Structure formats: C-alpha cells, structure tokens
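After the structure tokens below, expect a handful of questions from me.
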Amino acid sequence: MRFSVTSQMEYEVFSSSTLILNIHALKTPHQTIYKESLSITPHLEHVELITAQGENRFVRVEVPEPCALKIKYSAEVDNVIEFIDHEYLDDVAVAELDADILPYLYPSRYCQSDKLYRLANNKFGHIQNAYIKVVEITDWIYRNVEYLSGSTNSQTSAYDTVTEQAGVCRDFAHLGIALCRALTIPARYFTGYAFQLDPPDFHACFEAYLGGKWIVFDATRLTPLNGLVKIASGRDAADTAIASIFGSVVCGAISVSTQCMEKKFEPFFYTSDTLKGLNYL
Amino acid sequence: MRFSVTSQMEYEVFSSSTLILNIHALKTPHQTIYKESLSITPHLEHVELITAQGENRFVRVEVPEPCALKIKYSAEVDNVIEFIDHEYLDDVAVAELDADILPYLYPSRYCQSDKLYRLANNKFGHIQNAYIKVVEITDWIYRNVEYLSGSTNSQTSAYDTVTEQAGVCRDFAHLGIALCRALTIPARYFTGYAFQLDPPDFHACFEAYLGGKWIVFDATRLTPLNGLVKIASGRDAADTAIASIFGSVVCGAISVSTQCMEKKFEPFFYTSDTLKGLNYL
Amino acid sequence: MRFSVTSQMEYEVFSSSTLILNIHALKTPHQTIYKESLSITPHLEHVELITAQGENRFVRVEVPEPCALKIKYSAEVDNVIEFIDHEYLDDVAVAELDADILPYLYPSRYCQSDKLYRLANNKFGHIQNAYIKVVEITDWIYRNVEYLSGSTNSQTSAYDTVTEQAGVCRDFAHLGIALCRALTIPARYFTGYAFQLDPPDFHACFEAYLGGKWIVFDATRLTPLNGLVKIASGRDAADTAIASIFGSVVCGAISVSTQCMEKKFEPFFYTSDTLKGLNYL
Amino acid sequence: MRFSVTSQMEYEVFSSSTLILNIHALKTPHQTIYKESLSITPHLEHVELITAQGENRFVRVEVPEPCALKIKYSAEVDNVIEFIDHEYLDDVAVAELDADILPYLYPSRYCQSDKLYRLANNKFGHIQNAYIKVVEITDWIYRNVEYLSGSTNSQTSAYDTVTEQAGVCRDFAHLGIALCRALTIPARYFTGYAFQLDPPDFHACFEAYLGGKWIVFDATRLTPLNGLVKIASGRDAADTAIASIFGSVVCGAISVSTQCMEKKFEPFFYTSDTLKGLNYL
C-alpha cells in the first residue's frame, strides 16, 4: 500500500541549538521510500543518522543562531504488510530470544514493567495464546483509559496511566508495552504517520514480539492498523521523540498529513473474527 | 593491571526457568581475558550472547526442572587504563555525538534525567569544564547520600535517591547518570568486579562521555577507580542486572572476589590534585 | 462483647527522646474500658492526650536519657456493636455532611484519592447502594492484592498498592479508603486490637461513612469484624501510628494479644447473605 | 491594618452539584470582619460551616440544576499582627506540644515530610535557632525553585517540587511545610488574600509553630507578609481548596482583589536585619 506523508514544524530558536528529529519514514525490508524531501528554512547544516540496529533514522539539525525555523518533510512510502494467523503468534521462550530482542523485555523510562508484574499477571496471566493476551491488553486499555488531549505530559509513564486512566496515544502505547513486558512478552514503541487519524497528527502505538515477529497493536483504535507508516521503534518515547531539542527553542505550529495513494483502502482493525496479527517489518 | 575475579551464586529453582547472567568480564580493546571458566552445577545447557554494540556479554542458562543450582565464574583479566588530563575531557556538543552515543542522553527506567533538569542546572550548570562538572556531581552525591545497605530496593530510581539521600552503589550510579544526562552529558551504567571493595561484592558505578571517551566515576568512593573489571555497561541497571530470572527461583548465597595479581597496586581516586579522567573503554 | 487486650513493646533508646504511642483502647459511647494499666519500665514521665474530636487517645512518653525501655499496656474493653441493614447505609450527600466529616473526603498522605478518581468510577461507579459499593471495593482488594509481609514499608501508599498489588493490613486499608473517597464516600483509617488475628499483632482496617454512621470494613478478611477493639481512627496511618518516635530509638520486640472474655463468640464477616454493616462507634 | 477584599468566581454547572468554597476571611482573635457579603447568582441555598478547631470557615452551596453560577464575596477585615523577636521563636519540644498541634508534624497528601528527612537534616539540621532555620528554608526555596505559572497541577506535591524545582505559591508552601515537619517543626498551610500580589489572585504560604506561636513564612516573596488576610489554615491544600466541587462543573473566570484601607502601608519582609517573626493569629 502506498502512502504520501508530510509533516511540517515551526520553531522559534533563541540561541545556538541542536535539534534531533524523528520524522523520516524508516527504511525497512517491508517499507520502501520512493520519493523523499526535507526542506529546512533557513537552509541549515544537517545530517541523517541511523542507529546501529536500524530501528531509528533521524536528522540532526544545527541551528547556529536565533531564527524562525521551518522544517518540512514529505515522502512517498510503500508498505508491505504481512497478516499472520494467531496460531503462529505465540510466546517466544526467553531461551529463544536473540540478544537484540532481550532489551525489549526490560523496564524503561516510561514503561516500568517491574512494577506491573502482579497486576498484569492477575488480569491477563491466565490467557493461553500470546496474541490473544495482547489483544486483551489493548482491549482493556481501550475500555478503561480515556483518550483525553492535554491530560498528560512528557513525564507521564505507564505507572501513572494504569491508575489515572486518562492519556493520549503515547500513554496508551506505554501502558501496552509495560503490560506485555510484565508478562515476559518483548514489546517496543512504534511512532509513525497514520492514515485516517483525526485530527491528523503523528501517532504512537506499539509492537509485541510474537512468534518471532513484531506484531503491531494500537489500544487507541483511532486509526486502521494497515494505515501506518513507521518512523521509528524504540524502548519507549524516550528513544523516539519526534523532536529532541538542545538549546533555547519554542515549538510552534505542527501539521501532519497522511494520504493513501491507492484507490481502495480497506481499514483493518483486530476483531474477534480476525485473529490475525499484522507485521510491518 | 591483571586481576583475578570469581563469583559464585546459588539458586533454588522451583520450576523450569531461564536465567540471564551478567557476570562475565567484558572483552574490549582495553580489557583482555586470559583464562576464564564457567561452571554450572548441575550441568545445564547455556549460551553466551553479546549485544550488538558489544557493551554487554552475558550467558543464558536453561533450567529445565527444579534443582539446587550453583554457578561459578572465574577469570583472569588484564586491563589497560588510560589517564586523560581534564583539559581534554570537555563536553562533546550534541552535534558531534555518534548515533550510538545519543541514547545515553535520554532518560531511562532508573535515571529520569528529564525530571532533574532544573536541579542539575541550578547546582552544576555554572561549572565550565565538563570533567570538573562530573567530579562535582560525584562529590555532591558522596557528601549528601548515605551509603546504607538495605535502604533501597530494585525499584528505587535516581528520582527517589536525589531526595531520600540513602542508597547503595547502584543508587549512587543512577543518580550520577541522571544528573549528567540532565546536563546534556551522555552517561551510562558500569557494572563490574571491584578490587578492595569491602565487603567484596559486585559493584556499580558510571561512565560519562567526555572529550569523546567514556570516563569512569564512582560517587561511593568505596573502591579505587583503577581496580575495576568491567562486566557490562548499559543505560542503567535494567540493562545490566547481574541476574535476570524468568521462572520460580529463589536466590541464595552470593560470593564475589577480586584479587590483584600484580605486586604493586597504587589505588587511584580523583582528587583536586589529579585532574585526570580514567578511561576503561 | 468483652475483650482483654495487651500489648508490649521494647525499645532501645540512645538519646533523649519522645515517644507518642497509639496503643490505648479508645473511649467511645460504644466502647467502654473496664480495667486499664500502662506500665513503663524504667518509670518515666508520661501524659495521656486526646485529640479534639476524640478519635485518638494517645500517650506521650518522655525518655530523658538512654535506656532499655519496656512498655506494657493492658485493658478490658466492652464493645457494643450495631448491625445495620444495608438499606439504611446509603451515600450521604455532600450537602448533608457535617464539617467534621468532610475532611475524610479529602486525599491524605497515604490515600491519594484524587489520583484514583477514574479507576474507582470505572470499576465501582455503576453500583447503586453505597454499602454494596464498599463491599465490592473490599472484595476487589481481597482478590487482587496479595497479603505479603515485608512487601511494603512506611512510605507505601494506596497509589502504589493499587498497581503493585501486594501489601499488609495497613496497605489494604489505605487502598480501601482511597477508593471510597474517590467515590465521594468519606472514609477513615481504623487501628485496633483484633481477636483471632493470626499471628497476633496490631491490626488496621477502615471505616466508611454510610447512612450517617461509620461502618467498618476489612479487605484482608484476616479477622472477624466483630472482634475488633478500636485504638484510634484518623485520615490514614500518618495520624494513628502505633508509635511515633522523636529521637534515636530502635524498636525491639512487640507482642500483642487479644482475648475474648465471653464464652460464645460468633465470628462475623460480610457475605452476600448478610447485607448488614457493622458500626463500632 | 484594615483591608478590603473581594473575590468573584464563575462556574458553568452541568448537573446537580455541591460546591465547598474556602473564600471567607477567617474570624480569629487577631482578625476581625467588619463588613461581609456573599452573593450567589442565581440565588441558591447555602450554609456556612466552621471546622471544630476554627481553622477553616467555608460555605457549602447546593446547585440543584444546571446553571451559570456567579459567586461574589467581599469583606472588610482588620488584622492585628504581632511581631516577635526570633529569640522567642525557638523549637517547641515534642514533649510540650498540644494534642491539636501534633498532627501538623505528620506527613500529609502534598507534604511527604517522611521522605524528606535526610535532605532536610543535611541542609538545615545544623542551624540552631528554629526561626533562622525556617528563614533559611524559605530562602533556599526562593533561590532554587522557579515560580512558573502552569508548571504544576493539583496533584503536584512537595516530593515533586523539591526535585523539579518549579511551581506556584501552593507548591512553594507545600515544600516549606514538608521541610519543617521533617525537622520536627509543626507547619501548616495558609491560604488567603494578599495585598500587592501581582497579578491579584488567591495566595498560599505557610505557618511554622515556633515558640508556641504560628509564625507566617512565604518562600515566594511575592507579597508583603503584613498584607495577608487569612482564609484558612490546614494540613495542606487538600484541606483548604478554594473550591471543592462535587458534580459536573467547569470553572470560569476568577477575579480577586485586596486593597489596603489605610493610607500608610509599609511592606514587611523577613531580612537578615529584622529577625522577627510575624504572627497572624
């Protein structure tokens, strides 16, 4: 499925600063970038970086002096999505996990799985199939956590959200990840562009490692699972912030758009009928 | 400097379990392993794994059925330590950091640097040289945090320690890391064997990225900086737990020893006279 | 019902200190003290104090110099307990609450009801009768929180327990109180002697203000509701600590006993058959 | 000194609700109300309540049905302030404290003094005179905590503020109270009208119990200490919220004014020259 994505951000920069931006569509075996452009006004030095394991591709922009900064990214991206029957999506034993998957079992800044162990096991421990377990987790989050813009901030973590039960996509994702890890299911943060998200914005959801694949889940139900374009994955939002800012900078307007370039798009959500997982990478 | 290290751990295993053990001395350009042995009683299948960036080398042990488990590791390790004058140990601008260093700027489970930004800047922001800054941070921790066995647990984080002002080596390290990151200095957890640590045990301290090198710091002052044998580095203790246990296991006795195999060992600590940083790699 | 209670505490006192002890049975219209004795060895000056609203009767002991301190309290207490049918135990509208009841609606140190609002309403908001609501709260705590000695400490609060799901009687009580207040039901901490508690100890549970009466609830189910002798009530454990210590003192052995002095004691617990609330005061 | 105070609040009420408002000037031996009026539009049933110990005088308003609600309070208040030399303002031993003062030593919702014990003693424990100790506490807060509107919310507590070092008057007060209690100095929250506060608003500061008197302190330095009209005191903001709302209500505009009715007002702040404490009650 081909998508056209754009994002535009404005910053008021007051001093020499560095910005790290996670807005580029990721290049993966399943996600191909056809056209891509990044425009920075005024023109500034910048560099594209990719983390060692390729789960993150970002630009670092040097802003040598105060200015009104505009950044515009656009790309056309082709996604191949794999649908996998839930029978193939069971737990991978810790004994079988690769060294680079293990860190996704450990607690992180916003996903304190170590504190959710009993709660996760009380609520979901009895469920046999791992895919069904994660579907139940996302359903529970959907039913119990209110999507409420402005109810949380950049310090809010899964430990807060599990009790306070309000948040935005980032908080829904963190809670899903923390519950998975508490059940010994590796899970990671997924940030991306999302088709049919209303209002349009960057989106966050999460991936659980089932049957040896990263399967995407979204507890917000705000956007079809097959309409995502991945920007990055990481342990949580600390790794994949849209913008990390070093210097005196105030964020202005942000606009994001995601269009499907094909005529026919059939929105896909997990339901009790479709016991299939969706793998982006 | 050559060291002989051993560690011995006993576990009572009640069900089929997996253990991930971070007890091996790390292989680095500066740390060479001469002899090494791992004995597992009863004999069990295990595999040695190394993370992608080589900062962590661990064994995963499968325990198929209940047993009394004994693990003994021993090694002879040669360390080359580099002493670097503080003039060469200044901040590296974010604009110059490699992609694999950047994550050590971000907050992690036990090092919520995002919450310590004002405190760190109020206390240490005025200090020019980055090496002096980190020395001041460790001095402040040493003077204000009481080393008190049993005062904290596996959930205690830098955010707790900065206020509660009691803890063990792990807590001292987490607080040092969090304060560095809050000042835009990459910092990571260092776990290892420590000569002259009394009573002998595994030890934790931290490294700050200064002048393009990882320089070791230890706010506990419990062990000479040149007596360390590195096991692993990571974002915090979540990445480098001595033992991560999946299954029903109770930890029994642990014993650790670190001997210097050379006649002459001159303990080295940072002082106001010796403005040099020490790099283990 | 008549009970004989005793408690004995030993302290090692290292400096001039003051102790505030909440170990006396409270005098209320429904709880009469027949015999009572307090022995302090060595003999020390002390004074009995009662808070303005009579919910707390404590002794303050001056320890002028280091000593090995022994305190022994014993009393015979007669309780009149009122059983009230749940139909009479509904919410009291905020508009009808007395000024001295209102503070029990507000969050306190260990009962952060302000953070549990959504969770409490999601879980229990749909239940009509307030008595049934509180019974459901205690049942939920009983089913989800593991009673685990040593799992918590004096800083643990309801906000921790609701997620970490382990604790002791104090934690069970704090969580019950916090959930009630989040549902606009005044609730307070109850500390006392408890018949048939095994092993014998001081006990904590809570009271909810229903139908104009303080009705006792105990989410631990460790002791019959009609076997309690009240020591104090307060907002939470901060108000009613068994011992508040000012000075350098180490706590030694504590022993507590509660005997029923009547031949026939029929343990009473809330069940779905007995929709009655039990009022101690 | 005579002051004229007014406050006006607007609410959009969506369902039958109850409001508890702490906006009345308190009646104390030192604070006399000359004229007072409360207007509620539309006209609604309400009742004035006073807590048992008189530290809180509030109105409870019944709103039977949806409406646009306007509340206006105005009063003329005469204050007699006592200035007490710091030599008379030393610690009161716990052994000498009245039963109704003791609760102000205990931790409360927003003032977790139990977690600040080491920090408070490390920073301020060496200071002899208790008045100087509290002055140093407020100076430290003033220097280290940034006054930043919107940086905190109704859940922010002293434990947050001591580390995050930003907040509003309420947070400054909570931190001062928590530090005092950690040093065994009873302390309580003070909410009131404040002359020369810019922009005009309700204000919060705190009182410490020194030499047997409640002495007022204000770490914000935003308003003269002799320009306050007390509304209430309590353990913390949980006891003395300007408005506690039970029902579906949205808060609209608030306006507050405090005028001095005498020609000559000499603003008084604590300085190193004036070692005097100021007692409102």
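Each chain carries a letter (A, B, C and D) given by its place in the written order, and its residues are counted from 1.
What we mean here is this: a contact is a pair of C-beta atoms (placed from the backbone, for glycine too) under 8 Å apart; a residue touches a chain by one contact, two chains touch by 3 or more.
Molecules present, by chain and UniProt name: A, B, C, D = Transglutaminase family protein.
All values derive from a computational prediction rather than experimental measurement.
Over half of the residue numbers at the interface between copies chain A and chain B are found on both sides, making the touching surfaces mostly the same.
Centre-to-centre spacing of chain B and chain C amounts to 44 Å, using the average Cα coordinate of each chain. Centre-to-centre spacing of chain A and chain B amounts to 30 Å, using the average Cα coordinate of each chain.
The distance from the centre of chain A to the centre of chain C, with each centre set as the mean of the Cα atoms, comes to 46 Å. Touching two or more other chains at once are residues 115 of chain A. With chains as nodes and touching pairs as edges, the resulting graph is a single ring in which every chain has exactly two contacts. Touching chain pairs in this entry, ordered by label, are A-B, A-C, B-D, C-D.
Of all residues in chain D, those touching chain B in their complex are 115-116, 118-119, 122, 144, 146, 159, 162-166. Note for the complex: chain B touches chain A at residues 18, 20, 49-53, 58, 60, 62, 93-95, 99-100, 102-103, 105-109, 112, 114-115, 154-155, 184, 238-239, 244, 246.
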